[in-house]
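Both complexes shown next keep subunit A, but they swap its partner, so subunit B is in the first and subunit C is in the second.
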Partner chain A sequence: MTALDKYTHAFLISFKRTLEYRASFFIGLVSAVFPIMMQYYMWTTLYGHSESNEYFGYSYKEMLLYILLSSIVALLVSTGFEWEISHDIKDGGLNMFVIKPIGYMNYRLFCFGGAKSMQLAFIFIVIAAILTIYANVYHLTFEAARIALFIFSVLLSLLLNFLVFFCLSMTAFWMAEVWGVYAGFGVLSNLLGGGLFPIEVFGPLVNNALNYLPFKYIIYFPITVLTKTLSYDSITAGLLAQACWIGVLYILSRFLWSLGTKKYVSIGG
Partner chain B sequence: MSIIVRQLTKSFDYYKKEVGLKQSIKNLFYREKLVKEAVKGISFEIEEGEIVGFLGPNGAGKTTTLKMLSGILHPTSGEASVMGYTPWERKKSFKKNISIVMGQKNQLWWDLPANESLYLNKCIYEIDDRLYYETLEELTSILDVKEQLKVQLRRLSLGERMKMELIAALIHRPKVILLDEPTIGLDLVSQKSVREFLAAYNKDTKTTILLTSHYMKDIQDLCKRTIVINHGTIVFDGPLSGINDSLGRYKLIKLRMDEPVDQERLLQFGRIKNHDGMEATLEIEADSIKSVTRQLLDHLPVIDITIEEYPIEEGIAQLYRRMDEP
Partner chain C sequence: MSKLSPFLKEIVKYVKVYGLFVKNCIIAEMEFRTNFFMGVAVECSWLVSKLIYAFVFYNTGATVSGYSPDAILIFIGMHTVMTGVLISFFWPNFSRLTQYVREGTLDLFITKPISLQFMVTLRYFNFGTLLPNVVGGAAMIAVGLYRLDMPPSLYDFGAFILFVALATIVTYALFLLPNLLSFKIVDMGPINQIIGQAQEVNNVPMIVYSKWVQLAGLYLLPIFTISNAFPLFILGRMDSAFLVWIIASPIILLILIRLLWRSSIAQYASASS
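Up next, the complex of A and B:
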């Protein structure tokens, strides 16, 4: 019995729970089709019939590919545990963790991993299918090395997004009702992260600002590793930026956690 | 000593808001901060292997005390030592030896069978395989829920779920167990089986148990010693039967007569608790019970007479009331 066992089992138990609710995941995947269709019509109209049109540096088929991939990656990295955390904080569920020899943040991380592992496997199959279709229909080919780097950066994105939302969920220590904060932040981080369309759309000023924020490394960056002709140097720089943000947010979340638990007063007397 | 508590105090800040929109808006800008002293300098000691009942009305400070003893809450002031540890330091070896069950909160995963959550606890507490299966076997057979282990938690009845919660809390064989209303919402049969289980478990393992309950039967059956707490202070500490002694020793005499008797005639013997023509209940000082009984039999048309202990519930209610009076 090692100390790591508790976390691997947290991973497994969460994985099993996801299996119980597999339908929910597939419905989520299917419902992602609707915004994709909306965007499809929007961009098709915008690009018109001319093959040579280019907007924001994307050709028509590149834009479609981006939209397809971004919806899928956004779904993959999407969290949900922030609601459980605020619930734990608000209703005193945290009590059960405080008294057990287990770290809450690590526990949540491994549960998140467990919940995502099945989705990860499935989504990579979907992406493989999309890439194959693209290769055959539009004659766009993807280097194997880039696909490998894409997978690696998506894994970092998962960790990064976990930390972003873990930090966000710490607001529940100070706010009794977090609905507005969560909903607003969710939309914003998806938008700034490139979950709806490429961030080039926002223009140079916003893009400049986004360089100093973690969001674009969550969805936009991994996709561009795959689809754009980024030099390997800039891929390395991007991966490093991901790693740095992971480090920074890890320290921040630890800090917020220790601040929050000091303030934490469980409910009921 | 398993648990030592000295002058433990906990106060909470809170805000007050009057009814109405205007007040809500006012509260946005200015909130009057108020302090509630939930626990006011309580002290007690509990020996290893003791079962102690913690009794008190809602909001008396029972749960707050248990939370401090388990390390969930920091006290505002005072000291506590549980198995030699200060609970709120939350040392790992302390955590491995303590457990808290809250009747209104659950720790098991709702969507999975209980054995999954129990296995997670096994991992969290780093329990040996052999010891884990031994303990599980033992607990499930006493509580009679072996079959339900593999059933999704949300499909179990409340009673079965409570038993699973108990197993989850005991799987690491803690030396001290804090139970906050473990029988709340259970039917009489389930209440009884939980009680019997706790009694047997305490006897076998010499585990120290501190439990709160609103069901007098829980406390009566399980605890040789009861601590009554009201408004954050201890108002009684001793055997449950001693509560009435502390109020002055009274007994109840129930009379059945073959013809109606006036109240005035009864009044000369003692305080009337109940009077309904041919039946009456009198409150009599325990010391004079013998002579009063003789007089009653001599002077009244009695056909049946019973002498009863003063009900404990009433004694406790009086104790609570006495505290409420300024």
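Up next, the complex of A and C:
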């Protein structure tokens, strides 16, 4: 069995598992209706009660499109494997990987890819439907090149978010109780990534700070590729920033993994 | 009086038992302090996301149907307080219901000389998640009132306590309702996910919603009464008919949930034997 075969199996098993438990994903989509409905009414009221046609640099149509897409992209890039990693570390499940010729990080990456591939296909259909309806109702056009760049950027976002949460999950090597770290970080990373509002809402100070962090490249940037009139130079710069963050976080995750496994003591399993 | 006496005795008994539940949970939390501080930290991060909503209203400066951003801050503050009530008093219990049914633990509770509904739905309490929400929410309400030149009086404080009590009953009944499906469904995770998101509709005042959504959220599933009643009262925007509904709805819901609970228990078949 080649190295690729091992990981292809992990990918396929994860894909089949997600297909089997597809209801969880669809219920996640249904539950996203409530925040979308709330934001729809909120922005409709705000734009309706003001003489201003723009808030935070967004017209009403752009804001609604952002809210719709951010809820969907946030659901797509969401992880969850960090809880499994903390269980593996805490309960000794990692022993199985230590004695087998399989790289734990690669295994997790392929499992994540397998789980997301089914969601990816479905979500792109939903996004295509939204864009078609939007184009017809609001007479907006979306260039094919921008749509292609958006898809590419979402794929990079998936990898970036995987690495962010893989690094975070390494805290389980040093902490017995990590649920608070994971839950709190999840809320803040979604907020700072633009999952709730476009990051322009936070003002220039926070936006400057976000330029030096990876979060805005996870949800905000891919959406702006599609919805804002970013120049192709800005898009290229954003894609390069995504790639750079992937490189930095890959190195950091390898480093944390190597430090963590030195500290790891096998208990149970 | 002699007829009331056994009833009052029961009330006193339940208050004492509930006090013991709370004491026991606080002792457990203090024993595992890391969990306590993590609960506080997680709720602080949620608090930040609620503050962002207020920040958006302030930044746009829009007055919505006569409500300034300061008035809207009071609505968001009340929602924050009630979120604390939900996730501290009720969620730790409701989320265990499915486990009780699946593993047969409910059988053990049935044998206790106390109301099963009381035992199952109020046994656990989480102080760590209550603290940031109540402090943060109360601070938002106070700031909103001061900025509106309406410094809170003792009367306002009394009204706040009364409306929180009424909203607590509505919260209890409304959020227990879907959890009764635990008697029929093995995995409640997805349903709880939907409930969690549905609760977020109160992140903004009900005035932003359309008329039909407002009516449904007030009279069909009165989720809007939880966070909107006190702000409307304190801002002098509540008419007497609406006040009657705010007082009547918790009573109706409490009776309804009691009947549904009894009906669910009547159909319960033990899983342990």
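Definition applied: the second predicted complex is superposed on the first by the 262 of 269 C-alpha atoms of A that agree within 3 Å, B and C clash if a C-alpha of one lies under 4 Å from a C-alpha of the other, contacts with A are read in each partner's own complex, and residues count from 1 in each chain.
The rule we apply is simple: a contact is a pair of C-beta atoms (placed from the backbone, for glycine too) under 8 Å apart; a residue touches a chain by one contact, two chains touch by 3 or more.
Owing to the predicted nature of the structure, the values given are computational and were not obtained by experimental measurement.
Visitor: With everything superposed onto subunit A, say whether subunit B and subunit C fit together or clash.
Guide: They fit: once the shared chain is superposed, the two partners occupy separate space.
Visitor: Counting only touches as set out at the top, which of subunit B and subunit C does A:188 meet: first, second, both, neither?
Guide: A:188: touches subunit C, not subunit B.
Visitor: At the Cα centre of subunit A, what angle separates the centres of subunit B and subunit C, to the nearest 10 degrees?
Guide: Given the fit on chain A C-alpha atoms, the answer is 80 degrees.
Visitor: Figure out whether A:174 sits in contact with subunit B (first) or subunit C (second), or with both, or with neither.
Guide: The answer is neither, since A:174 touches no partner chain.
Visitor: Once chain A of both complexes is superposed, is A:30 in touch with subunit B (first), subunit C (second), both, or neither?
Guide: In the superposed model, A:30 contacts subunit C only, not subunit B.
Visitor: Please determine whether it is subunit B or subunit C that touches the greater number of subunit A residues.
Guide: C
Visitor: One more residue to check, A:49. First (subunit B), second (subunit C), both or neither?
Guide: second
Visitor: Would you sort A:255 into first (subunit B), second (subunit C), both or neither based on which partner it touches?
Guide: A:255 sits against neither subunit B nor subunit C.
Visitor: One more residue to check, A:101. First (subunit B), second (subunit C), both or neither?
Guide: It touches subunit B, and subunit C stays clear.
Visitor: Going by the contact rule set out at the top, does A:232 touch subunit B (first), subunit C (second), both, or neither?
Guide: Neither: A:232 stays clear of subunit B and subunit C.
Visitor: Determine the nearest approach in Å between the Cα atoms of subunit B and those of subunit C after overlaying the two structures.
Guide: Here the least C-alpha separation of subunit B and subunit C stands at 5 Å.
Visitor: Taking the contacts subunit A makes with subunit B in one complex and with subunit C in the other, which residues are shared?
Guide: none
Visitor: Where on subunit A is subunit C touching in the complex?
Guide: On the subunit A side, the touching residues are 23-24, 27-28, 30-35, 37-38, 41-42, 44-46, 49-50, 52, 55-56, 176-177, 179-181, 183-185, 187-188, 191, 196-197, 201-203.
Visitor: Residues of subunit B touching subunit A in their complex?
Guide: Per the stated touch rule, the residues are 12, 38, 59, 61, 63-64, 67, 70-73, 90, 92, 95-96, 98-100, 102, 104-105, 107, 109, 111-112, 116-117, 119-121, 123-129, 152.
Visitor: Taking the touch rule as given, give the residues of subunit C at its contact with subunit A in the complex, in rising order.
Guide: Residue list for subunit C touching subunit A: 32, 34-35, 37-39, 41-42, 44-46, 48-49, 52-53, 55-57, 59-65, 189-191, 193-194, 196-198, 200-201, 203-204, 207-210, 213.
Visitor: Could you list, by residue number, the parts of subunit A that touch subunit B in their complex?
Guide: Where subunit A meets subunit B, its residues are 1-3, 5-6, 8-10, 13, 16-17, 20-21, 91-93, 95-96, 98-102, 265-266, 268-269.
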